[in-house]
Each structure stands twice: as structure tokens, then as C-alpha cells.
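Chain nomenclature is as follows: A, B, C and D, assigned in order of appearance, with residue numbering initiated at 1 for each chain independently.
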Amino acid sequence: MPAWLFIFFGALAIVAAFGVIVQRNPVHCLLSLVLTLLVIAVLFIAEGAVVVGFLQAIIYAGAIMVIFLFVVWLLNIPGTPAPGGQLAPKFIGAIAASALGSMLFAFFSEPEAAVRAGAMAADYGSISSLARVLFADYLIAFEVTSVLLLAAMVGAVALARPPKNLDAKRDAEEPRRDEAAAG
Amino acid sequence: MTVEFPALALILAFPALGVLFNLFLGPRYGRRSVNLVGPGVMFAAFAVAAWSFLELISMAPGSALAVTLWRWIAAGNFHADIGLKLDALSALMVMVVTGVGALIHLYSVGYMEHDEDIARYFTYLNLFAFSMLVLVLADNLLLMFVGWEGVGLCSYLLIGFWYTDRQFAYNGRKAFVVNRVGDAGFMLGIFTIVAALAHEGVWTLEFSQLQMHAQLISPVMATAACLLLLVGATGKSAQIPLYVWLPDAMVGPTPVSALIHAATMVTAGVYMIARLHFLYQLAPVAMEVVAAVGAVTALYAAAIAIVQPDIKRVLAYSTISQLGYMFLGVGVGAFGAGIFHLMTHAFFKGLLFLCSGAVIHALAGEQDMNKMGALRKKLPITFATMLTATFAITAVPGFSGYFSKDLILESTFTSGHAWLWLLGVIAAGFTAFYMFRLIFMTFYGNSRVEADKLPHLHESPPVMTIALIILAVLAALGGWIGLPQGFLWGDAIGRFLAPVVGEFVPAFHASAAMLSMAATGAGALGFALAWLCYIRAPELAGWIAAHARASYQLLLHKFYVDELYNLLVTRPLFFVSTTVLGRAVDTFAIDGMVNGAGLAVESTGRLARRVESGNVQHYALLYLLGALGIAAYYLYRVLA
Amino acid sequence: MISLNYMMLLSGALFSIGVAGVLLRRNVLVMFMSIELMLNAVNLAFVSLGNRLGTMDAQVIVFFVMTVAAAEAAVGLAIIISIFRNRESVNVDDFTLLKW
Amino acid sequence: MTIDFVVYAIFAVAMLLVGLHLALFLLYFERKGSALIHDRVGANRAAIFGLGKRLGMPNLGIVNTLLADPVKMFTKEDFVPDGADKFLHALAPFIALFPVLVTFAVIPFGDTIDIAGRTYQLQAANLNVAVLYVLATIGVGVYGVALGGWASNNRWSLLGGIRASAQMISYEIALGLAIISMVMTYGTLDLQEVVRMQGGTWLGVIPRWGILIQPLAFVLLLTAGVAESKRVPFDLPESESELILGYFTEYSGGKQATFMLTDLAEQALVAMLLVTFFLGGWQLPYLYRGGFVLPGGFQIAVGGLAVSILGIIAFLVKTVAVCGFLGLVRWTLPRFRYDQLMRLGWKGLVPLGLLNVVVTAYLVVAFGSAK
């Protein structure tokens, strides 16, 4: 990846990331986040993680974020939450975050540590190589992950279902509605 | 030699199944099913037991059937298995438990026909049978102890079966507590044995192993162990000093009294001593103590029995006294005789209780002999069978009791315990007296039955009388398996048991005839006195009571032992626990500590909770600050 | 090939932005998005380091992170919904039950 | 290098035009085909100034479909409802269209061709992970519709948008599963490779087309594809009977045209994917580099360039045919109810897809991939 391209994408990523946290409307935040994710996917591909990059686009941008979108709509939040709340924590938080940023900056702007460049396989990042590692060395983790997803699905359903009394109320109203329809 | 015989497990399995059924399904399926299952499992168990028994006697003497179900406890070198062993001794016990047990279960069907809680009743009863079988079949001391505790529990549950009556519940608790005292001794005994053997590098509680390594135990340790175990035995078998619970246990249903407090459980102590005879033979002192306890108890209880008005109490004290005989027998080393008497006693005492039960049943719960009399005609079968039992217990020649009791007294004398023998003989006289007093007061004389009870005065239903008759036959003839030496087939049972409990070696020889003469004479005397006091001149008894008031009261109040214990043990205990521990220690020390700790935590929490705003972002912030701190440290390390 | 430092700096910057979002925004959903942002920043670091080390393990880990993110999104959003149902609000300052 | 760039630029533009014209053709088919099926005249303006009649042109309704409609569309007022999110409202149609168009880039529309002594793949972008690329673009394609629905501040639009995104996400899974099974079969992610492997014949007669190897996958991809392109019978997002016009109720003029174009282009894209995966792509049966080799054993020598062109033609013909088929479906089947849609998606296609993947996996392990 040529430097100018990297600069472009890096700048885009950072701008979009800021867009996530500064915009008022959650939908806009979400779109900025999607943009960030896509840019990150591009960077993945540039770093040789082709499959993972596309997966990022498919799973993250294509699926997870859409779920977020649903929830945002479902709750249709007022664009600007009521101002208020303590400001001191926010202030300290801002300072702390910037401190973290500067610390990381200081840390990573060290001259590149002598990372031993391992022999780069010819098919590095290809789906076959990924699969080889995933299903050989990380098989158990993989299986466990599947269980995790199942558990998450069940949990999500259990949590998001409206409480019993709501159903009961609805059932109570049901016949009346039928009568209305009949009459 | 020992043969693997898995069927032994079945003997336990059947009662266990009965328990489960009665516990979970009984209440739903109702009385009929329970009546079917409760006794049914016992008969099944009896069948298996009989089969095993035949297997056993078909084998060479001294051999045994055994099965190890699973490894129960494994701790270092020590291990205990759930192992069952059926040798001559336990075979006899199993036959008695299952046989008499089955009959009494059957009898209960009739006796409890008016009781609502039949399912619970049979649950307890089956559970008891199970525990008792565990006790006698156990091949190691630990498993035996499990059964030991189990029967104690069942006894407690059944004494308090009609728990709605506070007094009954109290008696049940009393029995349990007293038994606990004994059990404590028993446990200590077990520990002593383990300690003594472990000191020699042998880790086991299995009887065969114990017997093999018994001589490793030093006499002192052996004596200690034996005495401690004896405490347990006196608790379970109601000997001095721990006999007090048995009379009160009579408030339970009569079949229970028959099964638990006459035939089986209370004999556990005797069985245990016989089982550990090799240990006791190492400790002559302990043997002496056993014998003395037995003899004294025999006489003492018999004396109390003389004046008791309550029919079941009489029988209770008679049981204590008969147990005393057994202890005497095993005490003087005639283990076979002790077990023999145990068996015959199971027959006739079980029968006596069942008969008294029949009488009480007929009189709708009346137990006071002063309100009975002249029932001979009304309850013919009961009368006949009870008379048989009485002959058996009073050692009328030819009846089972005669042979066993005679054997014990003879062994006592020939083993050189003349005094104990004398006590035994006198006790025999007392026995005759109080037993015939019971008979006379109940079945003879003029009826003192309350008017309202008369109309529904009836003989028991066949389901009960069957049991009575069978037991009567046993009580009459059961003794013939142990005739005197060189008489027909001789002492068959003694020979049968010998390989397990060893032969009895008399110190010197005396004419068996003379000795039995003495005992029988004493019995006859007792009978004569009873006849005099209660048939010939009924007012005589009252006259004696009036003139020998002191001793009469003493006997009537059982030598005030209960009151004594109350004064010496219970009161101080209550004082210490309520006043000292309850007020001082608990209130101040412990509560103080607890509350203090709570207070400290609470106050600190009240301060610390300021941090807990409940706002996620604040938590996150704190978290980040901490992370920053750590990161800063490493960054410093890296940069500097 | 881009120098590792720049990659790490980029991911560090994204991470810090995410942190800021979690700390500063009052909208629970936006906080959630910021968390996703942090995850991705770390993923980026993983991938670039893995590239330099010539190992695939980093990418596998990223893969797992995605899966976990999916699960976490599902459950987290469900929780947000149920909270919203009770509180009629997504303002994190209103959810202060998590205390004494 | 520059020449490469030029060539590939040409390819890209060509492909783009092909896609758009296909869309246009579909639009036309919407008119006349439906009229044909419904037995009515349909679009019937064939001539300008009656010229056509004089020339005796058949009444094909060329004019009002291919000229009048677009002109009308793009000259209409571009209306933005009140309280709408202007920016997103304007952006949505293009967010929707963009992924579809870029997807055309990886569809191989022909074999290699020699230009200026260099050999080029007839494919705008010869990506070795083209399949993933397609999936990614389809995944991102959801946003345009969803945002279009949300941004126009109209509850029917919003409902349409939600429906659309839910439907697309649900059917992406079936789609992905179908494609995965194909990938396993061919053991590659490169569409050009996929097509290559479908060359040749079994027993010298039956062309080695994917549909013969994976019929179930074909059905899955067909169904899911139609659902992805939100066409009848899966057009719940824009079901006029319930939600006036779904997510583009509030759109007019160029933007609406863009949305419609998106749908049509998506349909064309689906057709191309079907062709590429299952119908041998640009493969013309019995045609090899050297020329035809007919079952009988006859050989007809054909020049390399001609072969390439024949391939392109074959590809186009197949695509058009499939588009026609999709049109037939569109005008034959009634619309699903929403619950039916979801049941079909989650309880019908997804399990079938999984089953197909598993079976394929076993077979591949047993006999190796079709490579």
C-alpha cells in the first residue's frame, strides 16, 4: 500500500472515528462507525489479512452494525439527549482519554522494535492458510465460540422478549379487538 | 472358606425397595398397596435369607457367604467397603430379623388398620428392617455402626410415631439421646481399635482382619476398647446404666415394641459383643464387667417388673432383664448360649408383645392391667399363645426359654461365677412371678374392664392371630435345636456357632441336672407366689404393698433412677447450656464478635459507598485511571 | 510496506477515541459503538503485528474477536432494549441502580 | 502498465454499461413482458411522429420505455419531505446503487483476450477472492435501502426500510451458504477459475456446468438472490398494498430512478452470479481454445479472438435468458406475507443450505474438489 493511500485511509478512519463520538444523532454516529469499520477492513487487506478484511466488511459492517441500526430505530431516541449530569467526571474523562492517547503515542513513536520478520508464507492471509490455523491449532476455541454464539442468541431472545405481564395485557385486549372487528 | 454370594444384597434390597415405595408411592396408592408391599418385601427378604441360610449350612462348618458391593471409604492406608458377610452368627441373626420381622409386619397390618398414617408407619418399619440387616450383615465395624445408627433412628421415629402427643415425642427424644450417649462410647471404641491397630501398622475394621490381628492389640487397649463398646451396647440393649429409655419406648405402637424393643434392635449389643468375642477374650476384665452388668440388670429389671401396672411396661422390664441374661451369657464366655437365648427370646418376647398388643387392641388402647382380667374366654387364641410364651420365658422345661436360659446359667456357674449365677436364679424366680402375675391379672380373676369397652371386646383378626400362632409354635419348640450336651442331637446351635464365636470351655464340671433343678425350682416358687397373690387371695397383693410401702414405692418408681439421672445429668446440663453458655458466652462473646464485625463492615461500607455512584462511566473512568497508572509505570520502564 | 509504528499509532488513536466516546457520551448506544471502535482498533494492531511477525495466529484472534463482538452486540443490545422498556431512556446517567 | 490501466478501465466501463443496459432491458421487460403475460397491450408508443408506423415497426413500446420514462424521471422535481434528514436522504440511493455497480467488476464476462501482444482476463478486476468481495458488497448494500427508509421521516418508509434490511440480512445467510458450497466444490474464490472449471464435458456430451453438480445450491442462490434484489415475490419492502411504496415512498425524480435502477441492476447481478456459478459463465458448450469439438468428434477450428467473442456472447445470452426467467417469476408468483418470508428464509433455505454445505464437505473430503 503506497504511503499516500495509507495517509488518506488513516485520516479517513480517524475522522470517521471522531464522527462516531461527536455527532448528536445516533444514526449518524452509527454510519460513521460503519465507515470506520470499512476503512479498517481496507487496512486489514493492505496488511495482508485479505480474508479477515472481507469478513470484517461482511460480518461487522454488514450484519452487526445493521442490528445496531435496528435497535437505534426501535428505541427511536431523541436526537439530543437532555443536557445535564455531572460534568466533573466528563472533564476528568476527557483528560484521561487524551492522556491515554498521548501515552500510546509516546509508546508507539519509539523506533520500531526489532521485530523478527518471520518467513512470510506465500499464501499469507489466504482463506486456506487461515482455515489451516483455525481448524488445526484453534479448533477447540472455534467450537467453544460456536457454543458462545448459541448462548448469546438464547440470552438475547430471553432478554429482549417483553415481560409476561405485557403479553397478558395484550391477550386480555385480544378478544375485545375481535369484537370490534366483528361489530 | 468364604464364597462370593451376590444374592446377599437382595436381602437388603427388598426392604430398601419397600422404603422407597412406601415413602413416595404409598400415600398415593393407599392402604391396600402399602399393606401388600410393607410385609411383602419382608417375606421376600426372608425367602432370600432362608435360601442363603441353606446355602450356608450345606457348606463346611466355619465357612461364610460374602459379597463386597463397592469401595465405600478410602483414606490413605485405611479403607472400608460396603461388604456383606453371612457366617453362622449373622445367618442366625438374619433369620431371626427377617422371620420375626416378617411376622410382625404382617401383624401390623391388622394392628394398624385404624391408623391413618399407615404408609409412614411401614416406611419406618421397612427402614428399620433394612438398617437392622445392615447391622447384622456388615462385614466391618464401620458399616455395622451405620446400621447401628440406623436402627437407633428408626426406633426414635417409631417411638414418636404418634408425635401429636407431646409425651410420646418426648419419650422418643429420650430414647434417642440416651442412645447417643451409648453411640458415643461405641464410636470411641471403634477409634480405639483403629488407633491400637494402626499403631501396629494394620489399617482395617473388617471383622475377619480384626480377628486375624487381634493379638496385636495390647490388653490395656483391648480392655479400653471393649469397655467403650460395652457402653454402646448398654445403650442399645438397655442395660444398666443406660436402660432408662426402653420402658418409655413402650409408647410406640405395640408391633414396634415387639420388633424393635424386644426381638431385634435391643439385641444388637449382644450381637456386637458376640461378633467381637475375640476382642473381649483378650480383655477378661471387660468380660467380667459385661457379665456383672448382665446379671445385675437381669435381677434389677425383674424386680421392677414385679409391681408395674402397665402391661407393656412389665414386658419392657422383662425384656431388659432377659437382655441381662444374654449379657451374662456372653460375659462369662458362653457366646453361643447368649446368641441362643437371643434367638429364643426373640420368639417368645416378640410373641408376648404381640399378645399384649392383641389385648390392648381388643381393649381399644387400654394398657393398665388393673382394668383387665377374665379375658381368657374373650381372647382364646391370644390367651393360648400368650400362655405358651409365658411358659417359654419362665423356662418351663421343654419350652424354648428353658434350654437357652438354662444353658446360660449353667455356663455361668461352671465358668466359676457362683454369685452371678445366684443372681440369675433369683431373677428367674422374679421372672416367673411377674409373668404369671401378668397372665393372672389379664386373663383370670374377675373382669375389671371398663363398661364402655366391653361391647367391642373381640378376638383379633386372623392376619394378627396367624402371626401369634406361628410365633407360639416357635416359642414352644424353638429351643429344641439346642439341647443339653449328649442329649439326642445335643447342642446343635452351639456346634453351628462354634466356628464363629468359639467353644465355651467350662472351668470345672457340675451336674447340669442339679443346676437346672435350681433354676426351675426358683421359677416354680415364683409361679406359686403369683398364684397365691392373684388367684388364691387377690387381696394379698394390696396388703403387701400397703405394709412394705417403702420398697413397693421404690420398685414402682423404678428405684427413682430417672429422677436421679435428671438430677445428676440433665439439670446441670441445662443449667450450663442455658445460663453459662446461652447467656454469657453466646450473648456477649459470640454475638458481640458477630455484630462487631458487621458493624465494622457497615461503617467502612458507608464510607466506601461514596465511590459507588452506580454510573457506569464513573466506573469506567476509575478503571481507565488505574490502567493508565500501570501503563505509565511500564512506559517509564521502557523509556528510561 | 507501511512502517509498523504508523499502524500502531493509528490503532492507538482509534482506541483513544473509543475510550473518549465511552467516557464522554451519555447515550448508551453510542457508548456501545465506541466499545466496538476500541475492539477494532485492537484488531488493527493485531493484524499489523501479525503481519510483521509473519504469523496467522493474529488473524485467527481477530476472527474470534469478531465472533465475540457479535455475541456481545446481541446480548448488549437486548439488555439495552429491556432497560429502555423499564426506564424510557438510554441516558446512562439514569441507570444508577448499580450501587449500594 | 498504462495500457493495462486503459484496458481494465475499458473493461470496467463495458461491464458497467452491460449491467445498466441489462437493467434497462429489464425495465422494458417489466412493461412488455408483464403485458404479454397479463395479456394486455402494455407500453405501446412505438414511433416518433408516427414514423414508426409508416415504417411498419411492430408496436414494441420502445419509446416510452427506453426514452420517455428516463427523461420523465430525471426531469421531475426532486422532492425532499419536511423533517427529513436531507443529507442521508440524498445519499441513500447512491449508497444503495454503488455496491451493486462495483460488484459487476469481478464478474468474468469472457475468457482471456490478447491485446497488443498481452493476454488479459476478460474481467474488470481479476480478484483472487472475488467471492468474498461479492458477499461483502451485497452485505454493505443493505444500508442504502435502510437509510432511504429512515431518512425520509415517514413511518411507511421506515417500515419498508426495516423490512428491507431484515429481509436482506436473513437471505444473505442462505445466499452465503449456497456460495460457500460452490466454493467448496471448486476449491477457489476466483470467479474466473470457477468458470474455467466448468469448461469441458462429461462423457463428451454433458457440459460440466455447476447446476449439474449442485442443483440444490442453484435453487438456494436463485431464491436468495431474488430476495436480495427485493423483487416479487419478495418485494415486501415496497409492497404498495401495505406501505405505499416502501422505503422510497418519499423519493421522486432522479433518486427514485436510482433506487429502481438499483433493484434492476441487482437483478441483473443476480442473474450474472447464477450464470457464473452454475451455468458455465462464458463457457460455450463444446467450444475450446482451438475451436468446437462436437460430441461426434467433428472439429471446427475457430480463431482465438473469435473464441473470446463467442464466449462473451454466450455469457450475455445466458444472462439475458436468466433475467427473462426472473421476469417470468416476477409476473407469475404472488407476494409472500412477511411471516411466510421469514419462515421460508430461516426455516427453509438456511437449513437446506447448511445441509448442502455439510454434504458437499463430505463429498469433497471423499472425492476431492472438482478441480
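Going forward, contacts are C-beta pairs under 8 Å (C-beta built on N, C-alpha and C of every residue); 3 or more make two chains touch, one makes a residue touch a chain.
A quick note: this is a predicted structure, and the numbers were derived from the prediction, not measured.
Novice: What pair of chains has the most C-beta pairs in contact?
Specialist: If you count contacting C-beta pairs, the leading pair is A-C.
Novice: Which integer distance in Å separates the CA centroid of chain A from that of chain B?
Specialist: Result: the chain centres lie 74 Å from each other.
Novice: Distance-wise, how many Å sit between the C-alpha centres of chain A and chain C, to the nearest whole number?
Specialist: That gives a centre separation of 6 Å.
Novice: Roughly how many whole angstrom separate the Cα centroids of chain B and chain C?
Specialist: 72
Novice: At what distance in angstrom does the C-alpha mean of chain D lie from that of chain C?
Specialist: Roughly 36 Å separates the two chain centres.
Novice: Residue numbers in chain C touching 2 or more other chains?
Specialist: 19, 23, 26, 93
Novice: Mark out which residues of chain D touch at least two other chains, giving numbers and ranges.
Specialist: Not one residue of chain D touches more than one other chain, so the list is empty.
Novice: Which parts of chain B, given as residue numbers and ranges, touch two or more other chains?
Specialist: Where chain B meets two or more other chains at a single residue, that happens at 615, 617, 621, 624.
Novice: Going by the touch definition at the top, which pairs of chains touch each other?
Specialist: A-B, A-C, A-D, B-C
Novice: Which residues of chain A touch chain C in their complex?
Specialist: 1, 3, 6, 10, 13-14, 17-18, 20-21, 26, 29-30, 33, 36-37, 40, 43-44, 46-49, 51-52, 55-56, 59-60, 63-64, 67-68, 71-72, 74-75, 77, 81-82, 84-86, 89-90, 93-94, 96-98, 100-101, 104-105, 107-112, 115-121, 124-125, 129-130, 132-134, 137-138, 141, 145, 148-149, 151-153, 155-160, 162-163
Novice: Please name which positions on chain B make contact with chain C in the complex.
Specialist: The contact residues of chain B facing chain C are 605, 609, 612-617, 619-621, 624.
Novice: Considering only the defined contacts, which chain C positions touch chain A in the complex?
Specialist: Residue positions touching the partner: 1-10, 12-21, 23-27, 29-30, 32-34, 36-37, 40, 43-44, 47-60, 62-64, 66-75, 77-82, 84-85, 90-91, 93.
Novice: Where on chain A is chain B touching in the complex?
Specialist: Those residues of chain A that touch chain B are 89, 92-93, 96-97, 99-100, 103, 106-107, 110.
Novice: Sort out for me which residues of chain A touch chain D in the complex.
Specialist: Against chain D, the touching part of chain A is residues 25, 27-28, 31, 34, 38, 41, 50-51, 54-55, 57-58, 61-63, 66, 69-70, 73, 127.
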